[in-house]
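Chain nomenclature is as follows: A, B, C and D, assigned in order of appearance, with residue numbering initiated at 1 for each chain independently.
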Amino acid sequence: MTGDGGRFVLSQQYGKAENRLVRVDRDTPRHVIHDLNVTTTLRGDFAAAYTEGDQSQVLPTDTQKNTVFAFAKTHGVDQIEDFGLALAEHFVDDVAPVTGARVAIEEYAWDRIDVDGSGHDHSFVRSGQSVRTTAVTVEGGGDEPQTWVVSGVKDLVVLKSTGSEFAGFLSDEFTTLAETHDRVMATSLAVRWRYAGSSGIDWQASYDAIRQNLLEQYAVVHSLALQQTLFAMGQTVLEQHPEVVEIRLSAPNIHHFVYDLARFGLENDGEVLHADDRPYGLIQAALSRPDARDAGAAWEARWSS
Amino acid sequence: MTGDGGRFVLSQQYGKAENRLVRVDRDTPRHVIHDLNVTTTLRGDFAAAYTEGDQSQVLPTDTQKNTVFAFAKTHGVDQIEDFGLALAEHFVDDVAPVTGARVAIEEYAWDRIDVDGSGHDHSFVRSGQSVRTTAVTVEGGGDEPQTWVVSGVKDLVVLKSTGSEFAGFLSDEFTTLAETHDRVMATSLAVRWRYAGSSGIDWQASYDAIRQNLLEQYAVVHSLALQQTLFAMGQTVLEQHPEVVEIRLSAPNIHHFVYDLARFGLENDGEVLHADDRPYGLIQAALSRPDARDAGAAWEARWSS
Amino acid sequence: MTGDGGRFVLSQQYGKAENRLVRVDRDTPRHVIHDLNVTTTLRGDFAAAYTEGDQSQVLPTDTQKNTVFAFAKTHGVDQIEDFGLALAEHFVDDVAPVTGARVAIEEYAWDRIDVDGSGHDHSFVRSGQSVRTTAVTVEGGGDEPQTWVVSGVKDLVVLKSTGSEFAGFLSDEFTTLAETHDRVMATSLAVRWRYAGSSGIDWQASYDAIRQNLLEQYAVVHSLALQQTLFAMGQTVLEQHPEVVEIRLSAPNIHHFVYDLARFGLENDGEVLHADDRPYGLIQAALSRPDARDAGAAWEARWSS
Amino acid sequence: MTGDGGRFVLSQQYGKAENRLVRVDRDTPRHVIHDLNVTTTLRGDFAAAYTEGDQSQVLPTDTQKNTVFAFAKTHGVDQIEDFGLALAEHFVDDVAPVTGARVAIEEYAWDRIDVDGSGHDHSFVRSGQSVRTTAVTVEGGGDEPQTWVVSGVKDLVVLKSTGSEFAGFLSDEFTTLAETHDRVMATSLAVRWRYAGSSGIDWQASYDAIRQNLLEQYAVVHSLALQQTLFAMGQTVLEQHPEVVEIRLSAPNIHHFVYDLARFGLENDGEVLHADDRPYGLIQAALSRPDARDAGAAWEARWSS
């Protein structure tokens, strides 16, 4: 990714972002759909394109788009991790100047429309409850390629109406917050986890179980702070999933303020709240196994947004 | 709403938009939450505020906000239609200069988090599948107030992977579209329906049934065009719901183009599609009973967006 | 727009929304660009498409898109009002089943990039200061077509850091707001005005002057309320522009709250403010000439959003 | 940032995101406004909050918000870099458990409203042309704090209607793109640059000059690819700004497709284009001086979005 920038050190990458691919499996009357947003990024020796405008080593982003859609036909789209691996390996193995590839995918979930108590064969309603993600990185190619798979879930919005406290915190001259032992806590979870390997894993089962871990821990942990809840989530996932070596959680604290009704002679025992947009707390945690393989470029994405 | 603008005719209205209210019913350990976005609009003789800057007849939008949150305590929030009616009637009945009020509400749905097979008492995950809406309008006050309730559903995203055609259409010198007898059809439904009255209606049952009507018709109608599907939806709702006198449906045709894979020697029998953002078709229909009471200001909202 | 819905009254319309057209005038080395978002809507006797799935009277939205782009070549794009008129008249005059057409256009402004003190011939930077709009409606066709042009500006965000008051307002049991004689007032203006006619008007000059009227009135009026400022804007436009018969203004009151610094022993004389996202006041006004021609469908757009 | 996670390695950070601060300098009748979005992030020994729910070392995010607004009074807001430095140094120096702080700021530009040819004293219109950014990181505190300042510009949307080519590129079995020697090239620039130091720099002058460098290079470089344009931009900035040691550029290629009008017997010599939303190319480059000080945590932000 670094190359000849004359007197300067040049790093670079490029790709096609947000290919909106829908794959319909229609071999039988009971169709299956996969609704994806695919972003490809290539790394390699493209320095001449930057320094000289020489495109001879540059596979156009238009070609990358074509490849995504062609692979949806030839490889099918079942698990987004497998689809990402197929694409990333292709770019590294088959396109000479490419030494690294990253394929990031979002998958939007759909439910079958219920008709007379059973799911319809070919009619679907989009489930907006969360988005499944993966980012597959392949580097090196040849005999010793390195591969990382980081999967996740985002836009998973949760709220608990009690069972959350915030007290005993550090105080300085700018502290005015009152302690509370019973509050609403809400967040929109963005969680990603890095797998130890890239094969022999039941991606769907792992995803389903981890997502349920996150929801359950959110529900059952009596929370002294959002930090504690995140830690419990991460710990549970690592304990129950040997296939995962690292997990990163990011959680905006979506503030719900108890509305001051005393001004109108009314009690408000945490029943009437104002959900505020901004600002919000942003709490983050990462847990990893001490012996985890180096993460390399697994977490890297755009570097300048 | 019209008043003295000197040489010009003045119309006006004002209110507080997007009050983000969360109501927690917590009388028992099994909490219930209602998550609303409430917009109030007042109409009346406020002309002096416009022409003279005289606020003596103007109830501040800040007061309207306070009222929304106070009513959430005193009236509770069960059905958004009832909550809107209470607010709108209050403004018209209790605030002298107000001759008309409109309260528009969006409700975001939440599911209980599943823990060991049953829904948790106070932990919830947001269901993003659609948004429930209402707009309540009260005009006149006094002995003969007029009231309209227009409820709806929006952001209901549906797709059928077959059972949709588009052929036999009108053609002119700019027509290049090929006919098709098997395509993907997708849309994000925004539907609103006007009730005959404003009392004695089981709002929840009506909403649930209409939403299911829409989904079912989408699924079971073999569609010769999105227009036909919308009509079937509207007709079904009016046939099955005597409490509804008018329904309006708005449906963007979210185009899914069959990706040209023949260039790579691959067949594509409707399996690989590109979901395009813009432009999109926009198909609309309104059906009403011939004897429906006049709609008055029922559908009116902001007039200048 | 109404038709045969069997036992029900059917209204309908359809079109192609958000065609993102960029027109480059490149006859000389000094290029000119027009960057548009065009939405077409057709009205007419399309009932059979709804009731029977019969498309024989339906001009596909794909054809409407083609027409927009073809007209950009044959008619050019100079003033969006003229471009909209050409399109709307074409649909009504040349497509038999079409009895009415509405063409709504947004135009995004670009400035030339400054190089060595002068604007570059073919390099531009987008000016995000506001968006110019128009909506052209043609109905009837034949010997007596009716035409309305409603133009406007939106996303014009303005703020004054003093010269704004809010006091002397109506009070009830839910009023807690303090009066103020010096506050920050900010809004994002959305203004539309209806022209008396559709020809013989210098659209560019009218737009430029009205936009400047709005900004100037915002600046120079000592405001006792946002209502008063809107009225002054509307009045000025109608007084100075005989070509305009009606104007509608919509203004969210983007609240800027004085942050409470007294808790830290600091004065805050309106110097440090928190800009809040939601809720916001929404103030609206419409002024028209008493003798204005009937507005007909001039203001109508989507009816179910 | 790493701490005791029991059997697992724990990293963490937290803060208050998106404080929407407006600072009005109103000592004279000619007001000056600064409109900011401020995000604070603290790093340090907060592990007990995660593992035990012990908040005794946690400065609440609410306190961080208060600090931002209080500092706007006590320190003023002139250059966002200086404001960010003051905040970050305060957190590291004055709050015992904090060992590192990052303050990221966006600034929205406003122009004075023109009245009779001169800018008004206290009335402003928001200039949407671009957003100025900075991210200040302080680590270590005590005698040897380390400080990094990374400033930037984003949402700078540019287009050139000629002077851009794309040809001679690598081809494989999925390549279908035609070569072109005259195309529209458009992008929305997000650029960030790292300063060598954190004091003695005229931030405003540096920002203004770099922004102009970017625009000028975009205009004057005859571009064989967007890659080449980015490199020219980066090289120019490093050559002309000894105070900058590294620059990162991220540029979506906003595709403008020549619309096929031949189907209607019309020529289209690059005059009529369709601006497509998705997918888009995403081209990125980073240039740094070979002897640049290590970047440390300068570029780090949220790690899990």
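In this text, contacts are C-beta pairs under 8 Å (C-beta built on N, C-alpha and C of every residue); 3 or more make two chains touch, one makes a residue touch a chain.
Please read these numbers as outputs of a predicted model, since none were measured by experiment.
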item	value
Chains in simultaneous contact with subunit B and subunit C	A, D
Chain pair, A-D or B-D, that carries the greater number of C-beta contacts	A-D
Most distant chain from subunit A by Cα centroid	C
Averaged-CA centre spacing for the pair subunit C and subunit A, given as whole angstrom	38
Chain centre separation (subunit C, subunit D; CA means) in Å	31
Inter-chain centre distance, subunit A versus subunit D - centres from mean C-alpha coordinates, in Å	23
For subunit B paired with subunit D, centre-to-centre distance based on mean C-alpha positions, whole Å	38
Junction residues of subunit B - those touching two or more other chains	19-20, 66, 70, 174, 176, 263-264, 277-278
Subunit D residues within the subunit A interface of the complex	5-20, 39, 41, 46, 49-63, 65-67, 70, 94-95, 97, 152, 166-172, 174-177, 190-192, 223-225, 227-228, 230-231, 234-235, 238, 248-250, 252-253, 278-290, 299, 302-305
Subunit A - residues contacting subunit B, complex	19-26, 31, 33, 35, 66, 69-70, 72-74, 110-111, 113-115, 120, 122-130, 155-163, 184, 212, 215-216, 218-220, 256, 259, 261, 263-264, 266-277
Complex contact set, residues of subunit C against subunit A	173-174, 176, 263-264, 277-278
